[in-house]
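First subunit A sits with subunit B, and in the next complex the same chain sits with subunit C.
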Partner chain A sequence: MNFEVIRDYLPLYIKAFMLTIKIGWIGIALSLGIGVFSAFILHFKIPIASQIVKVYVELFRNTPLLVQLFFVYFGLPKIGISISAEAYGAIGLGLLGGSYMTESFRSGLDAVKVSQTESALALGMSKGQLFTSVILPQAVTLSVPAVVANLIFLLKETSVFSAISLMDLMFTAKDLIGLYYNTTECLVMLVVFYIFMLLPVSILGSVIEKKTRFKMFGD
Partner chain B sequence: MEEILRVNNLSKRFEDIEVLNNLSLSVKKGEVVVIVGPSGCGKSTFLRCLNGLEEIEEGEIFLDGEKVSSNKKNMSKTREKIGMVFQSYDLFPHKTILQNITLAPIKVKKRKKAEVEEEALKLLDRVGLLSKKDNYPRQLSGGQKQRVAIVRALIMHPEVLLLDEITAALDPEMVREVLDVVLSLAKEGRTMLIVTHEMAFAKAVADRVIFLENGKIVEEGSPKEFFEDPKTDRLKKFLETFSYEK
Partner chain C sequence: MGFEVLLKGNNMLRLLGGLGVAMYISLISVAISIFLGIILGALMTLKNPVINAFSRVYLEIVRIMPQMVLLFIVYFGATKVLGINLSAEISSIIVFSFWGTAEMSDLVRGALSGIDKIQYESSMALGMNTRQTYFHVIIPQIIRRLIPLSINLITRMIKTTSLVMMIGIVEVLKVGQQIIEANRKSSPNAAFGVFATIFLLYFLACYPISCLSKYLEKKWEN
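Now for the complex of A and B:
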């Protein structure tokens, strides 16, 4: 292992790291928005809209991100929409993540017992009141583990961005290997940077999970 | 005494099973009516119809002279007047005991938090659970949870209280602590409709006992008549299942 090489490449990796995090989190924010919105539509069984959501979820959960990115990247310009590669990446990740988040939030909402709704109704609460103060807080707690798993999965999925020429971590590593053949150094750095990106999410996730779980279930 | 609840010819079907069959009942203010009967006789469904958790298909219900049946928009107003406690307690697991009790008065009745909390603490003290006010439901025993559920219903100042097999999931000692609370409510003149399998309790608490089977009232009477001198063979047979001889 040549540490001089590592030192030389470090600024390039840091730049790629920042870009990956930026697009990753924009995409995730997008996916959370789509997920919450779609899960509400499914939970309240809104006609037509819930059929559309179901088709969307199945379509995006059952196709690889790479294929989705190609569709967005090559497809949108065909219908006259031309945006930056970064925007394509964020939208692609947001759409894929949205389908997973939808299912996570929906399962959280559906996991709240029917008897909770009944006892809130029996106390005279309106549908809106019981949703915001009884169902939603419990559903969020119940969704946390699945949502954290999705976050980690989505951040890792950013590695396919290189396919649409986004200079993310994977792109940078492959590019440097192609140019200078320092394969070992480049790959080790790649692993370290991914772990550096994901470990905090993973740790923070389990802390949140424990905190919210303890209040409700006590273990 | 004046009539507070009136049910006229209530019927309810689940697919081809007739759960409630032309059932009529009148309850006076301050009266404690206990409903007993075999499983699946429609006891719980009857209570659930009264506060609109089950849709009423035929018949009418009057609370305080006002018709409540099939009026979905005003249902939550009606439910404020009819409190209900369930077999499975159904406290809100993400809220403390005090928050469980104060949630509905603050949200639904828009009462002031300080005032509601003061009343909640008094009620908690009455059922012997003041020290649990900041605990979460998971930290309480079944009997304690059920007492909290009763307080949660009481703080809405309901005119009628429905208790649906509230001790069915509890072990005997906890049954006692919960039923003692109900007995004290009966003494202070609360109107209650109670579904239970605790015959000794029914005898002690009831002003009137009703035997329900196949969605129909088979027999009704004062606890004394009902338990000591049942008129119908069906009730005799039902009551025999509760006594043992070697």
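Now for the complex of A and C:
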């Protein structure tokens, strides 16, 4: 281990780290939006829209992010759609994550027992009240573990961005290894930065999971 | 649109061959992961503090480290630090088995600890000995829970093996790139057609498997 090398590389890694986090969180915000929206469409069985959502979810859940990114980054410009690599990265991650989030939110919504709906209606609640004060709070709680798992999965998947020449952590490490052959230092720094990025999310996630878990009726 | 490139020569066959390479690596890794995962998962339910500490650290590493980083560590790092020369295929199988074993062991642990205590007590009350309890009561239930989940692991493994192109294995994406490069002059739009085809190929490979997993899960629900 050569610590001078590490000191020299540090600024490059920090820059890459910031970019990774930026695109990662934009992608995740996008995926949460898509997920909530599509889950509602599926839950309320809106005709046509729910068929489209189903095809989208199956298509993106059954293909790897790398292939999706190659398709949008190299394929789409050929038919005249061209934006920056960063935007493609965020959109790619958003679309992939959206399909996973849809499933998590939908299973949360579907897991709320029918008796809850029936009881709320029997108490004279309106459809709006039923949804906002009975179903939604329970559905959110039920989908927390899956959503946290998805967050970690999506942040991990950002490592694939290096394939479409985004200067993320993976790209920087690969580049520096290729230039100066300081393999050990580069890989150790890579691991440290990923731990730095993901360990807080993992710990915070399990805390939130514990905090939001409450006993369901009948447990 | 660039689809015509695939009809030239044996391009389509080469692409399928590339998918075959990815499948081959993922099936070997899944087999190893299931085998080791069952052992580790069973060990985890013993509540031995050493095994528990080890498995917690192991699972956390796998949970937060991207598979690509693990691939780089094994493929480039092992060569440098240990001085051994691993082929790209071997290192990818090592990494995916390392990842898959963690996933599988967690599933096994979940399935084992999900079996109610009442099952053990009832079979004992019926006069079964420990062996009979496991063979006739516990294991059949665990297998029913595990099969859909392990099938699901196969699709995730197939999706993850697309990363191996990053350490130089010639699989479907790499073959696609080669085809695009070779036909740059004659069909400049090949990238769209080729990558759309690869996208569909992966979908066709994974979709039936995930349908099967969903079907079995529904069928065997208690």
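Definition applied: the second predicted complex is superposed on the first by the 212 of 219 C-alpha atoms of A that agree within 3 Å, B and C clash if a C-alpha of one lies under 4 Å from a C-alpha of the other, contacts with A are read in each partner's own complex, and residues count from 1 in each chain.
Just so it is clear, a residue touches a chain if its C-beta (ideal position, glycine included) is under 8 Å from a C-beta of that chain, and two chains touch if they have at least 3 such contacts.
These numbers were taken from a predicted model, which means no experiment stands behind them.
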*May I ask you to decide whether A:Ser119 touches subunit B, subunit C, both, or neither, giving the answer as first, second, both or neither?*
first
*Applying the touch criterion given at the start, work out whether A:Ala163 contacts subunit B, subunit C, both or neither, answering first, second, both or neither.*
second
*Could you tell me if A:Ile177 is touching subunit B, subunit C, both of them or neither one (first, second, both, neither)?*
second
*asked:* With both complexes overlaid on chain A, does A:Ile152 touch subunit B (first), subunit C (second), both or neither?
replied: second
*Mind working out whether A:Glu58 is in touch with subunit B, subunit C, both or neither, as first, second, both or neither?*
second
*Check whether A:Ser133 is in contact with subunit B, with subunit C, with both or with neither, and answer first, second, both or neither.*
first
*asked:* Contact-wise, after the overlay, does A:Gly80 reach subunit B, subunit C, both or neither (first, second, both, neither)?
replied: neither
*On the superposed three-chain arrangement, identify whether subunit B or subunit C touches more subunit A residues.*
C
*Please indicate which partner A:Leu199 is in contact with in the superposed arrangement: first for subunit B, second for subunit C, both, or neither.*
second
*Contact set on subunit A toward subunit B in their complex*: 113, 115-116, 118-126, 129, 133-134, 137-138, 141, 215-218
*Of all residues in subunit A, which touch subunit C in the complex?*
58-59, 61-64, 66-68, 70-71, 74-79, 152, 156-160, 162-163, 170, 173-174, 177, 183-184, 187, 190-191, 194-195, 198-199, 202
*Contact footprint of subunit A on subunit B as seen in their complex*: 51-53, 76-77, 79-80, 82-84, 86, 88, 90-94, 103-104, 107-109, 136, 138-139, 149, 152-153, 156
*Contact residues on subunit C for subunit A in the complex?*
1-2, 60, 63-69, 72-73, 76-77, 79-81, 155, 159-160, 162-163, 165-166, 173, 176, 180, 188-196, 198-199, 202-203, 206-207, 210
